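Take a look at the structures below.
The same subunit A turns up in both complexes below, where it pairs with subunit B and then with subunit C.
What follows is the complex of A and B.
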């Protein structure tokens, strides 16, 4: 049994246009991915691809107008999407914890840092305040907050962005999670701090034996820190597999375009890829969601693309994968 | 580490960097309070000047009225000189400020009594009405606003919005008149709207000036009952007017907090609903208190209309009468009292905010 297995997840945004007619934006269109114990999976894709939305659905954080249409998200065999709030609360913040992208605003501004780490412990286990406070200090030391005992007394506004992100990592570790979900954990941090935070996060994840699902649009982050990668476009995972395979031999035209668009490749004389508009979620093309932008699309792409297995664990959702792959090799 | 620089410069308890302090022995709240109090004098001076000029621009010549319709020009000028109104306006103002500084607000031209004594005597009546009315309004408004925000869009929220819209739209004095008509004239449930205690009851000996407290102190149940009965309608009237904006504002504040990253993150952390509500409550507290403070100061004017309708005989009614009669010294005294009251409220609010808001203590 996989640690996490998302199956055919569909989420729509339901609203009205200016004339009051119902409008549906199909944001997630059958997301499926699996994560094994101890794995680190990077979820990449452009803005609006549905990376964060996938995680929000998983964590029970969808709010109107987002609507879960169908799908399952099995965590250790339990469907998270079918749980009521109380049961879900037992898991989130404990077995599954989250590191979010805006650390400074995600901490309660009127509570001491230490108290917030105590609060998340006491929400999930009957621990005494003194005990939880001691663990809070330990955790702060572990994530590299100097002078932890004194800093635990401080308030969030007294922390820099990088330090606040360390606090969030401490909170994510507080209840010994088996899965940590990091949603763009380094957005808004200085480049040097980004590397520090990611090094810290991944080393602690390994130390704790937890799994990591990291959302990013930075392909370098995935290459450096993850075992597996899933590439997302218009609410669909178009390609997934081990990092070396997907990045070494990208099969899906979108993955190829994405990799070609990294500054390093363009500098090295690579041809800049065709720019495309972000997909219109209200009017996705029939069949393959990428067909409007795809340079090799043909008539067959108007039908649902097949999931092609290319190597162990490496798969792509495309009609044209097999010949393309041979041409590359 | 580059991001440590910002972090370590933040102050923490017990290890403040050694720097020169002007008031070393005092705690931060006291120093904060002193800083606020230092601003009071210039504000009061500005208000005095403004009022002083404004009443004299009003177009009314009080001297003509005071001297009477049969007075000759010479008599009018005599009265003017007697009141000191023949002197240049700056000189008049100088004399006035010098007297105010000594605690002398002058005498009313209408009844020739010291303005300060009149205001002081009437103040408890106004404060009683104002604090009870706004207090009751907050007691209704804050829970209703919070409940509406927690169940945003549901039936309770919709009903509370309609109710508070009514509260907003109703003119205060009209509400007072209707209440008198219904509860006194029609139903006979309320006592006659004539002052703070029934004409039949004996006024309790003055200790605080509040009839409720004084009659309780004097162990006079009859007077206490009467004083409470007289309070019901005007307090209710003020509470309705005060509650409407408090509901609306509390709801908006709580909705803002509910939409913050930290509430979202708390949900993602699996905190139980009870904890989430506590976070919302605690973070809404400062803006709600600030708003209620502003309401309290702002409703001084509204409450004088209620005083008038219920013949309350408080400072508000005194001020209204003075304005209508062109009684300069009384108007000036009244405005000074309203300003002082508002400043006192704002200082208390500032102090509360200072104590409740960690970010304000940082600098």
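What follows is the complex of A and C.
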């Protein structure tokens, strides 16, 4: 059994246009992915791909006008999407924890850092304050906060962005999670600080034997900090597999375009791909969601594309992917 | 590209900017010198608080310097009367990071591209129309978009409109302040390609401000690396990327995540974070985080010293074998 298995997840936004007619934006269109124990998976894509929405659905954070149409998200065999709020609350912050993009707005501004780490422990287990406080200090030391005993007494505004992100990581680790979901964990941070935080996060995840799901738009983060990658476009995972294989031999035309768009590849003489507008989720093409901007699309692409297995664990959702990849290598 | 002429287009000397804040003086830019020749692209790279955007704003005279001078085409900007400053606005243009904030949501795209021509030139309506047609084609904006409002355009189209607006007066200097940072990767690629083309075809001198090394490497002829408002290293892009000489440049490059998982990095682990510009260290600005720092580094600020005709480094240890001292991990 996989630690996490998302199966055919569909989420729509339902609203009205200016004339009061109902409009449906198909934001997630059959997302499926699996994450094994101890694995680090990078979910990558551009604006409108549905990366964050996938996580929100998973964590039970969908709110109207978002509507769960169908799908399952099995965590250790239990469907998260079918759990009631009380049961979800026992999992969230404990077995599953989250690190988000803006650390400063995720911490309570009027509560001491140490108290916030105490609180998250006491919400899930009957530990004494003294015991939880000692663990808070240990955790702060573990994430590299110098002089942790004194810093635990400080308030969030006394922390820099990088330090606040370390505090969030400490909180995410507090209840020994088996899955950590990190949504753009280093996007607002400077390059040298980003490297420190990612080194820390991935080494702690390994140490604790937890699994990591990283949402990012940064190809470099996936390349260097993940074992597996899933590429999203218009609410569909168009390609997934081991990082070395997907980056070495991208199969789906969108993955190819995305990787070719990095400055490094352009510098190496690659032609920058022609960028289209973000996908229009209210009017997705029939069949393959990428077909209206795909350079190799033909009539067959108006039908649902097949999931093609290219190598062990490497698959792409495309009519035109050649299964014999060795011929291209 | 045009041949470099004798006199530099832009000459910046001793440029400093101090902001008075409730917490005390904030030294954003400290005695920065550089020159920019016709047609040249200079990259300013650094992290938050490095002063790169402040330098851009000082060059544009959106801010007044606390000390030092900015000379454009031989004239000190601070000494220019308002009328001459208006002429200068035609020659010096800017593109900012956030195209959604840079355009007026209530005016059409066409009106906003035309506006600098109305303000800074005496061209007739017909001449303005032909200029706009030319720049719209060059920036590959569809002419149909001119009648639209910003809300109807995508981020990439809006940024093309901002570039068109900046270039429509045929400026000699263009300041690009993180022009691709808020855009998706594939949209960014198109903008970078356009900027490369414009540099080649129009030969406009460019100051390119970015925190992204990959982008800088793609666009710029020369690079200036900034840390806490201070220039720590400067050189040609090719040489500086091939062999960085300042410990901070080395660390910055080692922190860059290339999109190739096979490219193993020599990791330089820095301790701590960037100190506050409210309380600048007395010695080298990087000494508190530098793996190779000596006691002397904390005592005095190292001057920017020319190593050869193109490279300058502000480091007491520039002559030592820094690469091995930095404790790079693979």
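Note that in this section the second predicted complex is superposed on the first by the 323 of 329 C-alpha atoms of A that agree within 3 Å, B and C clash if a C-alpha of one lies under 4 Å from a C-alpha of the other, contacts with A are read in each partner's own complex, and residues count from 1 in each chain.
Methods note: a contact is a pair of C-beta atoms (placed from the backbone, for glycine too) under 8 Å apart; a residue touches a chain by one contact, two chains touch by 3 or more.
The structure displayed is predicted, hence computed values, not measured ones.
Novice: Taking the superposition on A as described, I'd like to know which of subunit B and subunit C A:263 touches: first, second, both or neither.
Specialist: A:263 sits against subunit C, while subunit B stays out of touch.
Novice: In the overlay, answer first, second, both or neither for which of subunit B and subunit C A:317 touches.
Specialist: neither
Novice: Contacts for A:160 in the overlay, against subunit B (first) and subunit C (second): which applies, first, second, both or neither?
Specialist: In the superposition, A:160 contacts both subunit B and subunit C.
Novice: Would you check which partner chain A:91 touches, where first means subunit B only, second means subunit C only, and both and neither mean what they say?
Specialist: first
Novice: Looking at A:100, would you say it contacts subunit B, subunit C, both, or neither? Reply first, second, both or neither.
Specialist: first
Novice: Return first, second, both or neither, reflecting whether A:171 touches subunit B, subunit C, both chains, or no partner chain.
Specialist: Only subunit B; A:171 stays clear of subunit C.
Novice: Considering only touches as defined above, state whether A:224 meets subunit B (first), subunit C (second), both or neither.
Specialist: Touch partner of A:224: subunit C, not subunit B.
Novice: After the superposition on A, what does A:193 contact: first (subunit B), second (subunit C), both or neither?
Specialist: both
Novice: Touching subunit B in one complex and subunit C in the other: list those residues of subunit A.
Specialist: 160, 162-163, 190, 192-193, 196
Novice: Residue numbers of subunit B touching subunit A in their complex, please.
Specialist: Touch list, subunit B to subunit A: 1-8, 10-15, 260-262, 264-273, 275, 279, 282-283, 356-359, 362.
Novice: Any idea which subunit A residues touch subunit C in the complex?
Specialist: Contacts found on subunit A: 46-47, 160, 162-163, 190-196, 199, 217-221, 223-224, 243-244, 247-248, 257-267, 272-278.
Novice: Which bits of subunit A are touching subunit B when the two form their complex?
Specialist: 59-61, 85-86, 88-94, 97-98, 100, 102, 105-111, 119-120, 123-124, 146, 150-151, 153-155, 157-163, 168, 171, 189-190, 192-193, 196
Novice: Give the list of subunit C residues in touch with subunit A in this complex.
Specialist: 47-48, 154-156, 184-190, 192-193, 211-215, 217-218, 251-252, 254-262, 265, 267, 269-270, 273-274
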